[in-house]
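In the two assemblies presented below, chain A is common to both, partnered first by chain B and then by chain C.
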Partner chain A sequence: MIFSSLVFLYLFLPLCLLFYFLVKSTKGKNGVLIVFSLLFYSWGEPVRILFLLLSAVVNYFLGIGAAPTREELKRGDDTPSVRRKVFLALGLVFNIGMIGVFKYSKFIVTNINGIFGASLPVPNIEPVIGISFYTFQILSYVVDCYWEKVEPQRKFTKLLLYISLFPQLIAGPIVRYSTIADEIDNRRVTLSDFSEGFSRLVLGLAKKVILADNLFNIVDQFFGKDVGALTMAGTWYSVILYSLYIYFDFSGYSDMAIGMGRMFGFHFNENFNHPYLCKDVTEFWQRWHISLGSFFRDYLLPIPVFGVRNKYTSLFLVWLCTGIWHGANWNYIIWGLYYGAFIMLETAIGKKRMAKIPIVIRHIYSKLVIIVGFGIFYFEDLGDLGKFLRNLTPANPNGFSSGIEAMSLVNNLFLVIAAIICTFPLLNLVKKFSLRSQNTKAVVSVAGTLVSAGLLVLSSILLVNATANAFLYYKFG
Partner chain B sequence: MQRDPRDLRLQQRAQYQGGRPVNSAGQPGQPGQRNPRDPRDPRGIRDPRAQQRPVQRPDARPVNRAGQPNPNRGQVRQDASRSLRNVEQVKSAAQKSAPKMPQRPPVRQTEEQRLAEHKKKIISSSRKREHSLCAFNTAVLLTIFGFITLFMTFGKRPNAALEENRDLAKMPTFSWKSYFSGEFTSAFAEFYNDTVPMRSTFKTIISEFDAKLGLSYGGAEIHGDLPIIDNGDKDTASGNTSKIPPTANLITSHESTKAPQSTQSTAQSSGSTESTTESSSAESSSHEQPEVNAPDHGGEMSGTVLVLDDGTGISLFGGSFKGGEFYAGMLNKYKQQVGDDVNVYSMVAPTSGSFYLPAKFKGYMASEWDNIENINSFLDGVIPVDVYTALSKHVDEHIYSRTDHHWQPLGAYYAAQEFARVAGVPFAPLSDYEAVSRDGYVGTMYMFSDWNKKIRDNPENFTYYKPQNVYETEYYDNNMNFKYKSSLLLNIDNLATSSWYLVFIGTDEIVTHVTTDCKNGRKLLIVKDSYGNATIPCYTNSFEEIWMVDMRYFQENLADFTKEKGITDTVFTMCSFSAVGGNATDLKNMIY
Partner chain C sequence: MDREQVRVRLTKVFRDVFDDDSIEISDKTTADDIEAWDSLEHIALISAVERAFKMRFATKEVSGMKNVGEMISIIAERAKK
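Take a look at the complex of A and B:
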């Protein structure tokens, strides 16, 4: 089920909220959330629920096995026992194996066939939606158990709740167990939580339905056909709009997830922090899909193979993994390594020397890298990717402009301007302003309510048309 | 900065075993030290969660390496709820320390008490205010949310969309089998979305909103599909036209070779402007593109079509020379299979854009003329029928629908006339038909334009022509199983206003067989898209038998079928979109 659909918003969510608040005990509320989460996940393809349950059951035991027993804790063993190491290894093999089989087997076999001229049967496995996200979550849980950062959850249903919690199930943010471990048992939905969560949900919905979907319509007019036939201006125009689209689509989803989480009393970490404000590529990744970046930072680097002393090797590996994570396709690998290369470059230059470069140049440089990067991200077909890269340059055989991109820009001028403005931290400015006095706070708050109300109505109407626009990150799940 | 993972683990273990609150920077410590912000920050006052939640955040670590998010920047600073909690902890600690006060000297106590009370008052009033603002926000949003939920649940759901000429999705019946296969859920979602109460009203609102996303650019707007014009190998294509004029010969060695003469007389008597005397050889590429000056109108791209100010919807042709080459190749292959006994013709009809697109929009549409010429240049043994020129002579008449993507029956008639001339068969004048005319036609363009008001508000006339001679029609399914005998033309008054074009045989997914009283031994096979449907009544005076199959749906081998039915003439009749686009690839299913 897609968050930005009428079925979800006006059938599933009201029912879920109704039962959630009718039930008084936290235990009951957890039950409601589990039932609705499983319903949510099984919507459309009930079979995939088996993968989720299998993953939950296996990792339940792995988590307990990887954590120290009470005796071990009492003894204060410094080195983990063999049992714990085995369970950790099993956890890694099982979870990475799950992703490998369900997401990459087709890609791997196809490439082996291609490279070695073998003719292995290509497995016909369709990727299971959300598997990369929830597998990463549960992998972090098992590793955290091993590292003794969290106490293993001995109640299966509670662990299941953590894995299946529908706001963050399919497309992140990748919530750590430690973030919500306490809230699984002790949480209270306060009025301010519910209110802010609701506003956040509406904000995310508006980002998706008003900005992202309309931006994508334009992008599709250009990229959706033959990219080889685009002019240079047309290619730049569409890839810039695509970069805006992908931000609003993904951060809109995260907003909705975080908002709904708060409505149920959970506090997830932020996933975006105005990425387009970054001054360099390194900073971009501190502001973009934060939960993924921090996952790799926390779980990949401490592993000896990755944490080798040579920082360039580890950077290479991290960015290779980031690329691969996004999809079983060469363009994602290229995309990951492309970022890795720029970040290595920035590391080599060093922070101090980077800071000496004029800010304007740094902004232009970083935006160029990001925008071209999203072009690489878009074109899964390497032939099209080649044409795209060629068409960005004066080597474009179709000339600089056919005038049609100017027409498209004028036709969508307000949309494009609004999208660009919305990449700035407007809400933070408003919040700062509202802190001036009690009165400004009240005025800003009431105005915010009215804006949210308007956005909710408008987005809901627009949803009558946008029935099939799934979130982009669903496909990376 | 490289860290030793073991240090980290030790530190984590300390946190874990000690059970002390850990701040977001990963250091165990006093709550008071942790928060860099002023504990009196008013943002900290509002949240009552503070006392309940011990802050335990062992996950964040101060790793700061190039390329990896810095938790201090990426999470702490922006994580409003977390920093709130920190502030709250400070506050709760401050409150806990309050009971210790009585031990202090009494004078200072009253002073401090007064201060505290004053502070408390401010805090409680600001808290009340905060609370009521939250309540207001929640109440407003919940009201709207609840209203829409009730509206969606209990509003009257429509079951058909007349303007789209289709029934809306139906509520699926539940069964465990369909649930587990996923059919039920997807069908239900489709039903739920498709049948939103007051659907057409919302569609209109959406189309008006879309139009407000930007400004009009020289009178034109693009909101839907953008044609990407294929200029790819234009040079080679036009080169082809000039160098190889197709010289297919018409086989007239059939029972009645007299037919061509009578054709001419009929054609001329019907007021045709054609005066060709040579019907035994096909038109070659020696002709020029007829010039047509379309009246000037402003317009906007709406949905997938360009809507002119007078309410004319025009589908913008993207063109594809490669597609055309493929199409021609399929026809050539078919011609080879059927051999010299069968005349094969290619009748690619231009769409309304060729004649009615104002000059200022010409750049947005590929040339249908060039694309048809390109096709003709690849034809080998197949006879091209130039309906472009034929139609261009009647642009002042109602030959294309303004509100529908098809031609008007009159346009089909002129095209059929040109074919009859080339094929050398008799052709009845319009006066031999009974004209049936209806006003108020708003066709498919209304849907293609995403419910553009200009289309809706400018309905047009629809006139079709009933043949008056004796003929019989029977229908088969696409695997050639007999279905039923019926009339060739449906009763237009039983059709929805938007689908009057369906008056011709009613559907595309059917095989039509007409037997006429014209006894000239010629048997026609029409392989077509929906443009062909309107031509079939025009041939009831021209051929003894007519078979018509749809290029997209027919399941049999076309060459076998042709031989089996004793076909003498096969005409491929379709609009330019089908000939160069995806529809043509379906020809592979019958020509192999």
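Take a look at the complex of A and C:
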């Protein structure tokens, strides 16, 4: 089920909220959330629920096995026992294996056949939606149990709630168990929590339906046809709009997830922090898909590569994995390593020397890297990717401009300007203004409600007329 | 090696890694106190500390150290063995 669909917004969510608030106890509320989450996940394709349940059951035992027993804790054992190491190893093999089988088996076998001329049967396994997100969540839980950062959850239903909670199940943020462990048992929804959560949900919906979907329609008019026939201006125009689209699509989803979490009393971690304000590529990744970056930072960066700890080999591993995580295709691997190369370059230059480069140049450099990067991200066909990269340069055989892109820009000027403005932290300015006095607070509160209502109505009208556009990051789940 | 000896030698490692001779460290020093100390430089720091003290940190320790005091405790503990 898609968040930005009428059936979700006007049937599923209100019903879930109704039952959630009719039930008084936290235990009952957790039950409501589990039932609705499983319904949400199985919508349209019930079989996928089996993989989620299998993952929950197996990881329930793995978490307990990887954690120290009460006796081990009493003894204060310095090094983990063999049992704990075995459970951790099983956790890594099982979870990475799950993603490997469901997401990469086709890609791996096809490439083995292509490279070695083999004729292994290509498995016909369809990707299971959300598996990369929820598997990373549960993997972080098992490792945290092993590292004694969290106590293992001994109630299966509570672990199932953590893993299946529908707002963040399919496309993040990747929520750590430690973030919501306490709230599984103790949470209450205040009026301000609910109201802020609802506004956040509407904001995310508007980002998706008003900005992202319309931006994508324009991108599709250019990239959806023969990319080799685009002019230089047309190629840049399309890839810039695609970069805006992907931001509003993905951060819109995260806003909806975080907002719904708040409405149920959960406080998820933020996933975006105005990434296009970054001054270099390293900073971009501290602001973009923060929960994935912090996952790799905490669980992959500290691992010695071939027994050696070195920041460059660690960076290479992290960016290779970031690329692979996004999809079973070479363009994603190239995209990951492309970012890895720029971040290595920035690391070699050093923060102090980077800071001496004029800020305008750093902004232009970082935006160029990001925008071209999203082009690499878009083109799964390497032939098209090659044409795209060529067409960005004066080597483009179709000339600089045909006028079509200029006409498209004029026709969509309002949308493009609105999208660019919305990449800035406007809400922070509003919040600052509201803190000036009681009067400004009241004005902002009333205006906020009206704007939310307006955005909800506008988004709903657009949804009535639209065919459902799934969020892009569903594809990478 | 006692904690003070570790701290003195560790200060030199910090100054080398972060290229800043004014760095002073105490048990309470955290990454927030040293501007250049981010997650990536943490790996460079760990690697330099391992070389300087001829010891190894477990992955859990690399990921979970809260402050310099914890780092000194681990180094001092390993030096005893």
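Criterion: the second predicted complex is superposed on the first by the 474 of 477 C-alpha atoms of A that agree within 3 Å, B and C clash if a C-alpha of one lies under 4 Å from a C-alpha of the other, contacts with A are read in each partner's own complex, and residues count from 1 in each chain.
Throughout what follows, a contact is a pair of C-beta atoms (placed from the backbone, for glycine too) under 8 Å apart; a residue touches a chain by one contact, two chains touch by 3 or more.
Only a predicted model underlies this, so the values are computations on that prediction, with no experimental measurement involved.
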Legend entry - Which partner reaches more residues of chain A (counting touched residues only), chain B or chain C: B
Inset, instruction - For A:A442, select first, second, both or neither according to whether it touches chain B, chain C, the two together, or no partner. - result: first
Legend entry - Which superposed partner A:S5 touches (first chain B, second chain C, both, neither): first
Inset, instruction - Check whether A:K149 is in contact with chain B, with chain C, with both or with neither, and answer first, second, both or neither. - result: both
Inset, instruction - Examine A:D185 and indicate which partner it touches, taking first as chain B and second as chain C; both and neither are also allowed. - result: neither
Inset, instruction - Quick one: classify A:Y299 as touching chain B (first), chain C (second), both or neither. - result: second
Legend entry - First (chain B), second (chain C), both or neither touched by A:L315: both
Inset, instruction - Could you say whether A:E126 touches chain B, chain C, both of them, or neither, answering first, second, both or neither? - result: neither
Inset, instruction - Report, in rising order, the residues of chain A that make contact with chain B in one complex and with chain C in the other. - result: 147-149, 297-298, 301-302, 304, 309, 311, 315, 347
Legend entry - Of chain B, residues touching chain A in the complex: 2, 5, 8-9, 12-13, 15-17, 42-43, 46-49, 52-54, 56-59, 61, 63, 65-71, 73-75, 78-79, 81-82, 126, 129-131, 133-138, 140-142, 144-146, 148-149, 152-153, 179-180, 182, 185-186, 188-190, 192-194, 196, 199, 202-203, 205-206, 209-210, 212-218, 220-226, 228-232, 301, 318, 363-364, 450
Inset, instruction - Could you pull out which chain A residues touch chain C in their complex? - result: 146-149, 297-299, 301-304, 308-311, 314-315, 347, 350-352
Legend entry - Residue numbers on chain C that touch chain A, as the complex places them: 19, 35-36, 39-44, 46-47, 50, 59-60, 62-64
Legend entry - chain A - residues contacting chain B, complex: 1, 5-7, 9-11, 14, 43-47, 73, 76, 144, 147-151, 176, 178-179, 181-183, 186, 188, 190-196, 198-199, 202, 214, 217, 221-222, 225-226, 229-230, 262, 267, 269-270, 273, 282, 285-287, 290, 293-294, 296-298, 301-302, 304, 307, 309, 311, 315, 318-319, 340, 343-344, 346-347, 398, 402-404, 406-416, 435, 438, 441-442, 445-446, 448-450, 452-453, 456-458, 460-462, 464-465, 467
